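In what comes next, chain A is part of two complexes: it sits with chain B in the first one and with chain C in the second one.
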Partner chain A sequence: MMAPLGWQLIRGWAILVYLFMFLPVAVVVLLSFNASQFGSFPMTGFSFRWFVELWNNDAILRAFQTSMILGALTAVISTTLGVLASLALVRYRVPGANAVTTMLIAPILVPEVVLAVALLLFLNFLGINKSFTLLLFGHVIFTLPFVILVVQARLVSIRRDVEEAAMSLGASPMQTFFQITLPLMMPAVLAGGLFAFTISFDDITGTLFWKPGGVETVPTQIFAMLRNSISPEINALGTVMIFLTVGLPLLGAAIARKISNKGGT
Partner chain B sequence: MSSVTLSNIVKRFGTFTAVHQTTLEIPDGAFVTLLGPSGCGKTTNLRMIAGLLDPTEGEILVGGKRVNDVPIHKRNLGIVFQNYALFPHKTVAENVAFGLKYRDVSKADVKKRVQDALDLVQLPDVGDRYPKALSGGQQQRIALARAIVVQPDVLLLDEPLSALDANLREDMRVELKRIQDRIGVTTVFVTHDQSEALAMSDQIVVMSNGRVEQVGTPQDVYNRPASEFVANFLGASNILPARCLSRGPDGALLDAELFGQVTVPADKAETVPGEGPAKLVLRAEKLLLMAEGTAADGMVTAPATVETVDYQGQTVRYFIRVGDRQLQAINLIDGHPFEEGTGVQVGFRPKDCSALGQG
Partner chain C sequence: MSVEAREARQPWILLSPALTAVGLLLFVPLLFIVVYSFWLRTASGADQVGFYLDNWNEALTDAFYRDILLNTLKIAVITTIVCALMGYPSAYFIARSKGNKPLLLLLLMLPFWISYIIRTMSWINILGVSGALNTLLLWLGIIDEPIQMLYNETTVILGLVHYLLPFMVLNVFVSLDGIDTTLEDAANSLGATRWQAFTQVTLPLSLPGLAAGSLLCFVLGAGTYITPLVLGGPTDAMFANLVFEAIITQLNWPLGSALSLMLLVVLGLLVMIYNRYLGMAQLMKGLG
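Right, the complex of A and B next:
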């Protein structure tokens, strides 16, 4: 039996929307295996050639290494700060807690370009030169709100009396945090860390402003390469990035689910 | 095990005073209930004993030692919370063993003590499960096991039965009392449920608006309420304006509205100083409805009309009109309850009522 015409139209439309969203990605992945010199159709054969070239391209490898280090450091610092800030805001009476929360979340609301210029001008004013540390600093500011949002939401759902029970049984506040609070927050902490990592890994606007000369991350490297020509290598790099940025969060979510299933809430 | 003493405790939150000048002695091994409506300060008192709140003024002593400056994790307490507060990411056995980690207990001993505690709460086989796999009643038993396995000086129970449904609550009440009797630990129980308080306590501390209204055995506070609040909070009472005409060794002679002269036994009229204004307290369960013209020997009676009938199965609650007042009566059903609008006779025995002084 056929579904009514209206539903068929809606289904057709939905398929078109998905095609519009994902076809470009699929094309990039497909073309990255193209043997031809030019990164375009028609394909002339299947090959891993561009992945090999990518592997042999020092500039890209260096950029990749920079991005990984930057992303990992951003994730670690943002998560640590985010967890501490969330603890303070949720568990203690902080004067002006609402204002603090708004300020911490603000970087999401401010256009990134504004944030990037502002930070740069501010450091200029202080007479500090651009450096990797500054780049890292910028990424932390930019990813912190995501971590705080995720961790805070989780922390609110952890009942205070669970911590009180632990303390009444003899655990010091520190032991209570590591034995009870942190394990219960873990899914959110991991999710926050992954957010921070992928956002940092993906970021181009802020990075372009903040990076010191000679330092490139993967997105800025691609950007630089695109200025000269569209090399098929970029397709290969795009494919790698897609697997990293889609695959990692999925993996993280799966791990988080596994951990939370074990304990439950 | 230790006694607990609150000495001139005051607790303020900003400008709001949650607990006014409270002094309380909880003897070693006793089961003492802090009873009162929400916001009366009972939980605040419990949390101060626990060390979760600091008193603004006064001293808290456990076993004769001042503990004001001892942080909660060094007070050696067991607390059972209303919502169980089990650690969701630990198994039942790990939950129960948690407190033992911070005490010098060998591994073999931990295992044995955890099992003993689980046996005591009659859940010997759930050690490997996670809390969420247990029912509410079972979780509360585990919470109790976790609190007593550390052999606390004081056991603090913060409305532990409120989250359970009615049938389970009564079972747990008996169970909790049995376990407390067995281990003999000094217990402070906080509840707003008068029947829990009456059934379980050695002593009841009735609180209202941050003040202690009365301290006494369940029978004391029920039969000889020290204030109008206590009379109304523990069951329903009718309170009638009266005048004390005289006070003698056999009681206080009151002239009460609606019923006229009543002699209240001396031990139930302790707050009546002598001649002057007073109040007659008539428990709803002691006010009997009878068909008009029934002989009522030894009773003080008055004619009345049934206004509302609230059928409750075994008993029935009547709202009756006597003169210009509405009174409440809770009677066992004998045959059929009276119907609304029926003219009846109400009466009570003088020995069943009590009297309060004015103010």
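Right, the complex of A and C next:
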């Protein structure tokens, strides 16, 4: 046992840190149910009106749609690229594997602002202006390293002998991949995709550089709204985002656990 | 083709889409802005192709850029130190807790999943003129009218700490969790006090995690421009804000390229020094 006093100090400090992390977020959720027409204290009553207004705000709904489509496409492309690369790195002896890995995670070693500027200027030079395509390219390259790190970590734990057994029983490499390897990899693939989606959905640093005028994602929409003043609508939108970005990964983790449990021990 | 040759080619076929993407969307663009930084923005708004040192001259000698760069590094250093002071004991608490470790860690990592812009703006609810703190102080009678606590360097640092703390906690936790706790017991049985056992056994062993967390906090903190825009005042611009100004507002892309590269070199040097002494493996452990 730790000396009780020292341990109590550490525990007290940790509790303060937890409060520091959660209080501001809790206040956002609390204020989003505030009946008052100003987005601030005091609370005057409990109301869903800001969520109703959110639902009736075309600009926000459009931003939501853009973010969803962008996130989904980013997740599909990034996960496909990432899973293939991870398979190569985990399953084969690649000469210079360390250098290859460093190259693949380079997009997160470069400050995102610099990545954003370089991509914008280069693609503009090639004739691709600020557009949804540019946004998609940007989000793919920025999320790819995260997918590779997550998928690689999960792939390592899949044993190879099941595949070898399938092959020795006469399955073709294709059959083996789709009937054995892919199902076993599914939790890793889902985790990678979900990670890519969440990061894309949340991104603002690069997005502000790449987005064409008039197109907003949810974070850039919130940023634009903050320019005026903080309204309860932003808090309501924040609450929706909090439940989405916290709820989705938790749901994903639960599904992944269920699938891997069903897959046998 | 022999079986061996095909076997050797297969991983490269799998790797090629990802490597092509990183090459075309990161490395070539980075080389491109090196070239672009020597072009010149003319009064007509067109970019003059050529080899001009004007942008570099301006970026490297103008005291305005130097001061903001130094101030950015100062803010990043303070942020990192505060993250370490807040994060290390918390990570220690989680790693040595008898309770549900994964749950405790998950709880502290949850804010990591919550939108960056939401977490940043949430401080306006707390510190704004009609925010929680002012309301509380007014109600307690400590102040007579609301005080403006927002939009200064301190609130920028506060926002950055709130954003980056999970990176620190996770990295320190990963390295603390990997330390055999019997080492501390051994030190104790050999006569060391708890404090000595911590400072001479546990702390040195956890330094790689602390270093990885610090690097992430520093690099991510020094590269941000959103936090100063939301929580800072007009004079609290960080270096990335200058890049944003040059590229998006003034449309001076050659100058913006030079400024981006300056930021890349300063932060890249740090990553390289880190990589030279500690390697990337520790960093990946914390990210994966």
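The rule is short, and it goes like this: the second predicted complex is superposed on the first by the 247 of 265 C-alpha atoms of A that agree within 3 Å, B and C clash if a C-alpha of one lies under 4 Å from a C-alpha of the other, contacts with A are read in each partner's own complex, and residues count from 1 in each chain.
Everything below uses one rule, namely that a contact is a pair of C-beta atoms (placed from the backbone, for glycine too) under 8 Å apart; a residue touches a chain by one contact, two chains touch by 3 or more.
The shown structure was predicted, so the numbers you read here are calculated from the model rather than taken from an experiment.
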Side-by-side fit of chain B and chain C on chain A, or clash: fit
Touching partner for A:Val117 - first (chain B), second (chain C), both, neither: second
Chain B versus chain C as contact partner of A:Leu194, first or second or both or neither: neither
Touched partner set for A:Ala236, first chain B, second chain C, both or neither: neither
Touching partner for A:Ile180 - first (chain B), second (chain C), both, neither: first
Which of chain B and chain C A:Tyr92 touches, first, second, both or neither: second
Chain C versus chain B, contacts on chain A by residue: C
Partner chain(s) touched by A:Val25 [first = chain B, second = chain C, both, neither]: second
Degrees between the directions from chain A toward chain B and toward chain C, using C-alpha centres, nearest 10: 100
Nearest-approach distance, in Å, of chain C Cα atoms to those of chain B in the combined model: 5
Chain A positions touched by chain B in one structure and by chain C in the second: none
Residue ranges of chain A touching chain C (in the complex, touch as defined): 2-3, 6, 10-11, 13-14, 17-18, 20-25, 27-28, 31, 38-42, 80-82, 84-85, 87-89, 91-92, 94, 100-115, 117-123, 125, 137-138, 140-141, 144, 146, 148-150, 152-153, 198, 201-202, 204-205, 208-209, 218-219, 222-223, 226, 230, 234-235, 238, 241-242, 245-246, 249
Residues on chain B engaged by chain A in the complex (per definition of touch): 50, 52, 71-79, 81-83, 85-90, 98-99, 101-103, 130, 132, 143, 146-147, 150, 156
Chain B-facing residues of chain A, complex: 159, 161-162, 164-173, 175-176, 179-180, 183-184, 262-265
List of chain C residues in touch with chain A within their complex: 7, 10-12, 14-15, 17-19, 21-22, 25-30, 32-33, 36, 86-87, 89-90, 92-94, 96, 107-108, 110-111, 113-119, 121-126, 128, 130-132, 135, 162, 165-166, 194-195, 219, 222-226, 229-230, 240, 243-244, 247-248, 253, 256-257, 260-261, 263-264, 267-268, 271, 280, 284, 287-288
